[in-house]
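Both complexes shown next keep chain A, but they swap its partner, so chain B is in the first and chain C is in the second.
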Partner chain A sequence: MLKKKGILRELYTNKILFFMLLPTMLYFFINNYLPMVGIYYAFVEFDFNKSLFHMNFVGLKNFEFLWKSGKLVELTLNTIGYNVVFILLGNVLSITVAILISEIKGKVFKKVTQSILFLPYFVSFVILSVIVFNLFNYEQGVLNSVLQQLGFDPVDVYSKPKLWIFFIIIFYLWKNFGYSMVIYLAAITGIGEDYYEAAKIDGANAFQRAWHITVPMLKNTFVILLLFALGSIMKGQFDLFYQMVGNNGLLYSTTDILDTYVYRSLRVTFDMGMATAAGVYQSLFGFTLIMVVNAIIRKINKDYALF
Partner chain B sequence: MKIKEDSSTKWFRLIAYIVVLAGSIMCLLPFLLILSASLSSNASIMTDGYRLIPKEFSLEGYKVIFQIPDEVLRAYGVTAFVTVVGTLIGLLFMTMAGYVLQRKDFKYRNFFAFVIYFTTLFGGGLVPYYMLINNYLKFSNSMYALIWPGLMTPFLIILMRSFITSAVPDEVVESSKIDGANDFVIYYRIVLPLAVPGLATIGLFLALHYWNDWFSSAMYISDASKYQLQFYLYNIINTSNFLNSIGAGAGVTLSEGVPSETMKMSMAIVVTGPILLLYPFIQRYFVKGLTVGAVKG
Partner chain C sequence: MVSKKSKAVGLLLTTAMTMSLVSACGSSNDTSTAGNTSTDTKTNNETASNEGTETTGIDTSKKVELQFYMLGNAPKDLSKVEAEINKMALEDLNATVKFNYTTWTDWDQKYKLLLSTGQNVDLIFTADWTQYQQYAKKGAFLALDDLLPKAAPTLQAYVPQDMWDAVKIDGKIYTVPSTYKEYVTNGFVWREDLRKKYDLPTPVDMKTFEAYLEGIKQNEPKLQPVSFGPDILNSLVGTYLDVQRKNVGALPYGLYASYDKPSEMTSYWGSADQLADLKLFKSWVDKGYFSKNELNETESMQDKIANGTAAAILGDNPTRYNATASKMKSLHPDWELGYTPFGVTNGYATPVHPIHNGFAIPNSSKHADRALAFYEKLVTDKRYNLLTEYGIEGVNYTVEDGYYKMLGDANTNGFAREAMNGWAWRNPEFMLFEPSYDGVKAIFDELDKIQKPDIFTGFAEDYTEYQSERAALEQVVKQYLQPIVAGQVDDLEGQLQKFMDKANQAGLQKIQEAYKKQWLAYLSEKGIQ
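So, the complex of A and B:
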């Protein structure tokens, strides 16, 4: 009873604050919490003419179909696999370049290159698909022009799924590494000069200073970025995969992730049963993964836990 | 005390210059390829392929686009409208939320912050979301479908909260309260002016999202006159039907006349142009935003 009184009193004294927060909370309620009810779609036979709770309940049938399609393992492995590579290579590259850029003395050179390295983050993924087309299309693509000039046969990369593993990783790095590089660069700027001076006096060379001072000092930033990335390990860069690969069935075996599969089932093949089941699988699996990872981190070091 | 630089420092710096320069070239090269192709004649692309420097200089790609400016301008208009309106509304709500969530005397701030944050951990997935927008809110084929989905994100609200915390000292708010100002007046008169750099940063994050969004059009818009600019470009690249209609509209015969290759590239330049022009200006705010977000987030 006392608690309820507290809430009412709080509501009264801070009514303006509550009122200012209201639009945001309403938005998240409608936009994010209401759709959670829609998880029920995965357990019914989809029918466009009926409302959700009037559709036929079919239990786990949609999941059964999804399992029997044999796609689930491949999709899960692709999604997690790409994300792990993205996280590892992305951080290694951003840390390396951030350290190197911080060594540069010329102010203008430093500013201009930093801006250029961050530029790909700002253009849309549709532009990325223009670039991919420009490079790889069979007749006029840059890749084949170069190959032919060097005396090789042209390659039709759109029929070689294995190659796309590299392309996707490379373009992920190209588009995104500037973002984390900027964050690391800010962290490096915050490291005190004294550490480096002391190391110099002790006779450490430039490489040793980078490895033994800068890299360890970036640990906190790395852990924060890592945790954010782990939180979305089951969601993968939909824009990147869809704009690079599109609806090119030849490449699905190596490039299809849960996000693209769900999108295609919903908007291209109109297989609602699959789309809902795969979507719910993705949400639940992802959520479980986060809870487990968070519990483990909590055990190791409480300060780093997400919540 | 100045210590003489050893040779390892020089080597290290040399490597730094080389790697950073090479990286910058890699980041810039694709844009130059597009730019070059947009300035080439279609015939030279058909025979020699895309190149870094145009073999035959020509503006025909741009000419075709601007011969039929209605569609391009309409797509530009849609994106501009959505970007401006979405950014303003999003900023209004998120500054208010950020302000409330950092008020120490607001008892339930952590609870509400967690309710917002939780949406990043768990969600209904794409199908329920599609049904919400399409069947329940009935936003399909309207500007609402383009504005609503990106209006607020947990990340930006938390970033806004950090910005306000660091820009507005608690004492300022407290003393205004003692002077009898109500919470909204404090927000409007004191917090907003002090938080202008944060507003600019978060406004730019939002605006960039809206400008680059193609997904909302792909999901919820079937009426081509309401396509966002990016989705309009996406269609040019991906549909041959579209080229036919362009050809007919521009009064060019289909088979040979449409400079399809250069037109795609010119369109890409037209779509990205504003971002590239504003980039030196907006880039600074992004760097600032990321720094605050990383330190305090």
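So, the complex of A and C:
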């Protein structure tokens, strides 16, 4: 009897809790699920005078532009490649720095270091592009002025695509690692002092304490940050790439990601169908990826999985 | 214990991150849903009921609120002006109007969404640079032909018939053109004080312009002689084709036709002419006339003139030249800026096409007749017009010797001249100018003597059949052609060949042929030879 009416009973006994959940569910339904109907735009020929479901169905025609230039594979790989590097290097760097900062004893010095490292996060990408341009521009850039002072030939950085792989990664890290570092720092503060004291008594030095206590305790935070990051792995850092590379076609072979490509293609047309098609491709890919990775993590350790 | 604690931290984190996710989604969604929820509740079928009656004039028995959309940023005192306007509009038309602004951030995206999501919009700005022709062709706007005599007979009579004809797309009027005649054609811009100082030739054509650049390079080695910015395909190639090869307009896809023989359309890309031009541009880079890294330049051409980091612009329009000159003067009072319109070089100048500034009624509008009647007031009624162009007299501005005078300065005044971006509803009979505008007027008067009609802007391209090729081509141009133009590659012939191969792969020929066919059809329809 009780089992049969499981759901209803559950609803009844916890009615207050479910009632409290309702606004959130409504919110997600209206803002995140309802608009999914718009995915259908990717499969129709857009027409101002018809409603969505009366427009001409054209199948996959809107997706054509993605592979017409033969760059889809390269773009997808670029996008994923950069993100993987960002996630891995970004996390390693912020964990290391977070541990170092947590070991600082002077309170003022600690706060100052932390703030300075966090500061670049608030620099707008537009400003970043100006900084980069002033560093590297051929005629008056800082780099070339220094080189010429030292008697070397100037280098035209903006026509060397391979170099930009490093620049993009370096500037991304410079700008972003402060943010995740603060998260890790918060997690480190949450680790009980007693572990460290016990370890100290057993004669563990600072490195051993960090490696055997702090790092394992941060695993959970790392996995969560990783999963969140993976969900948007197909959504490249548009601002970063667009502002740093901009119109410079010479650099596209190594710095073009899906977002910048789609932006460039579609700013010349106003076709809803093609824009939606690009979005659908990115979302589907990201969705698949997060499901797969979550499943893998679930297999390894259920506690760490997102769902 | 261990896992419990870490789990707790994790949970906290998850919550925090989800919150930020939610709020991020919320803010981006708000803008798109706001419009939908604010859909007018007072839906009525006035247009339908009106069609039955034969009499002129419109039914104003029901009060309506009109949604008016303009690009750019709203002025600070907009609400005051809006209140004044609404007082009059309520009396005249039993309507109120809400002036909405898109801001300049992502305006093209917002414009697209306003028209394609069926949002309640009654009046919206149109221009050639907002793709009026394409939107009209695709049916985004309401045809005004039948509505004009009924809802806005004064406006219909006020705008000359040839302007109404000029904005027609496929034989129908979709926008109300502005009647103010101006020129947005380009001209050489240079530092006149430096030219005098080193006794360089006055730029009047490409030869003298080059000689000026050379002179600057030799006398002021630290100064960049000319700047183009990242949009080099327009600022250099487009402008060069305009002044040197008399291109009929900014033709896309590497097509070229001269103003004198518009029907002889050929491919500029891959031609011997293009190679010669590219060699010239490359020589400019090698001589140091402009930067090797122009594509990554972050300052605008105009700013570089004003702050003294560049000495010339190949082509800019009279109004912007004037703005650059006054900006420069405010920073460096002893500098001078020179200007030669391309009309002097080429012997003709095309006044702005009526499509350049206009207002249309989207198909989704529920009060089309009232909207048009209101727009008529805005243009032809002096009270409405002055109020929306210059603000409140005595508060925002005064008239001195027939000139406009702003009260206070740009920071204290909540409504600067034309702060509502009212380019489209300018009425030449009521217009007020600042004294500094006399320079521009003088240029316009010069150009008036050699004016010829703009035959390009009236053309509405329909790229439905080749839109995926078009998007692919855009990529190829950016990746392969642009670096050649910017002088970043040494092997010109080889790289150009590579660009042509890639472009043909992307479907260049198909695009060019389709465009040419439409272009010729347009020319014969308009009777242009």
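Assume the second predicted complex is superposed on the first by the 211 of 307 C-alpha atoms of A that agree within 3 Å, B and C clash if a C-alpha of one lies under 4 Å from a C-alpha of the other, contacts with A are read in each partner's own complex, and residues count from 1 in each chain.
The rule we apply is simple: a residue touches a chain if its C-beta (ideal position, glycine included) is under 8 Å from a C-beta of that chain, and two chains touch if they have at least 3 such contacts.
Since we're looking at a predicted model, the values are computed, not measured.
A.B. asks: Hey, is it chain B or chain C that touches more of chain A?
C.D. replies: Touching more of chain A: B.
A.B. asks: With the two structures laid over each other on chain A, which partner does A:169 touch: chain B (first), chain C (second), both, or neither?
C.D. replies: In the superposition, A:169 contacts neither chain B nor chain C.
A.B. asks: Touch check for A:89: first (chain B), second (chain C), both, or neither?
C.D. replies: neither
A.B. asks: With the two complexes superposed on chain A, say which partner A:71 touches: chain B (first), chain C (second), both, or neither.
C.D. replies: Second partner only.
A.B. asks: Does chain B (first) or chain C (second) touch A:239, or do both, or does neither?
C.D. replies: So A:239 only meets chain B here.
A.B. asks: Please work out whether A:155 is in contact with chain B alone, chain C alone, both, or neither, and reply first, second, both or neither.
C.D. replies: neither
A.B. asks: Touch check for A:192: first (chain B), second (chain C), both, or neither?
C.D. replies: second
A.B. asks: Which partner does A:293 contact after superposing on A: first (chain B), second (chain C), both, neither?
C.D. replies: In the superposition, A:293 touches no partner, neither chain B nor chain C.
A.B. asks: Quick check for you: in the superposed arrangement, does A:272 touch first (chain B), second (chain C), both or neither?
C.D. replies: After superposition on chain A, A:272 lies in contact with both partners, chain B and chain C.
A.B. asks: Which partner chains sit in contact with A:10 here, chain B, chain C, both or neither? Use first/second/both/neither.
C.D. replies: It touches chain B, and chain C stays clear.
A.B. asks: Under the contact definition given at the top, report the residues of chain A touching chain B in one complex and chain C in the other.
C.D. replies: 27, 30-32, 35, 129-130, 133, 139, 183, 186-187, 221, 224-225, 246, 266-267, 272
A.B. asks: Would you pull the chain C residues touching chain A in the complex into a rising list?
C.D. replies: 2-3, 5-10, 13-14, 17, 22, 25-26, 29, 33, 108, 112, 115-116, 118, 131, 134-135, 138-140, 224, 230-232, 288, 291-293, 295-298, 363, 463-464, 467-472, 474-476, 478-483, 488-489, 505-507
A.B. asks: Can you tell me which positions in chain A touch chain B when the two form their complex?
C.D. replies: 6, 10, 14, 16-21, 23-25, 27-28, 30-39, 41-42, 52, 96-97, 100-101, 103-105, 109, 112-113, 115-120, 122-127, 129-131, 133-135, 139-142, 144-145, 174, 178-179, 182-183, 186-187, 197, 200-201, 205-207, 210, 221, 224-225, 231-232, 238-239, 243, 246, 259, 262-263, 266-267, 272, 275-276, 279-280, 282-283, 286-287, 290, 307
A.B. asks: Within the complex, which stretch of chain A touches chain C?
C.D. replies: 27, 30-32, 35, 45-49, 51, 61, 64-65, 68-71, 129-130, 133, 136-139, 156, 158-159, 183, 186-187, 190-192, 217, 219-221, 223-225, 228, 245-250, 252-253, 256, 261, 264-272, 274, 303, 306
A.B. asks: Using the touch rule from the top, collect the residues of chain B that touch chain A in their complex.
C.D. replies: Per the stated touch rule, the residues are 1, 3, 6, 8-9, 11-13, 15-17, 19-21, 23-24, 26-28, 30-31, 33-34, 37, 45-46, 48-51, 93-94, 96-97, 99-101, 103, 105-108, 112, 114-117, 119-132, 136-137, 148-149, 151-152, 157, 182-184, 187, 208, 211-215, 218-219, 230-231, 233-234, 237-238, 261, 264-265, 268, 271-272, 275, 279-280, 282-283, 286-287, 290-291, 294-295, 297.
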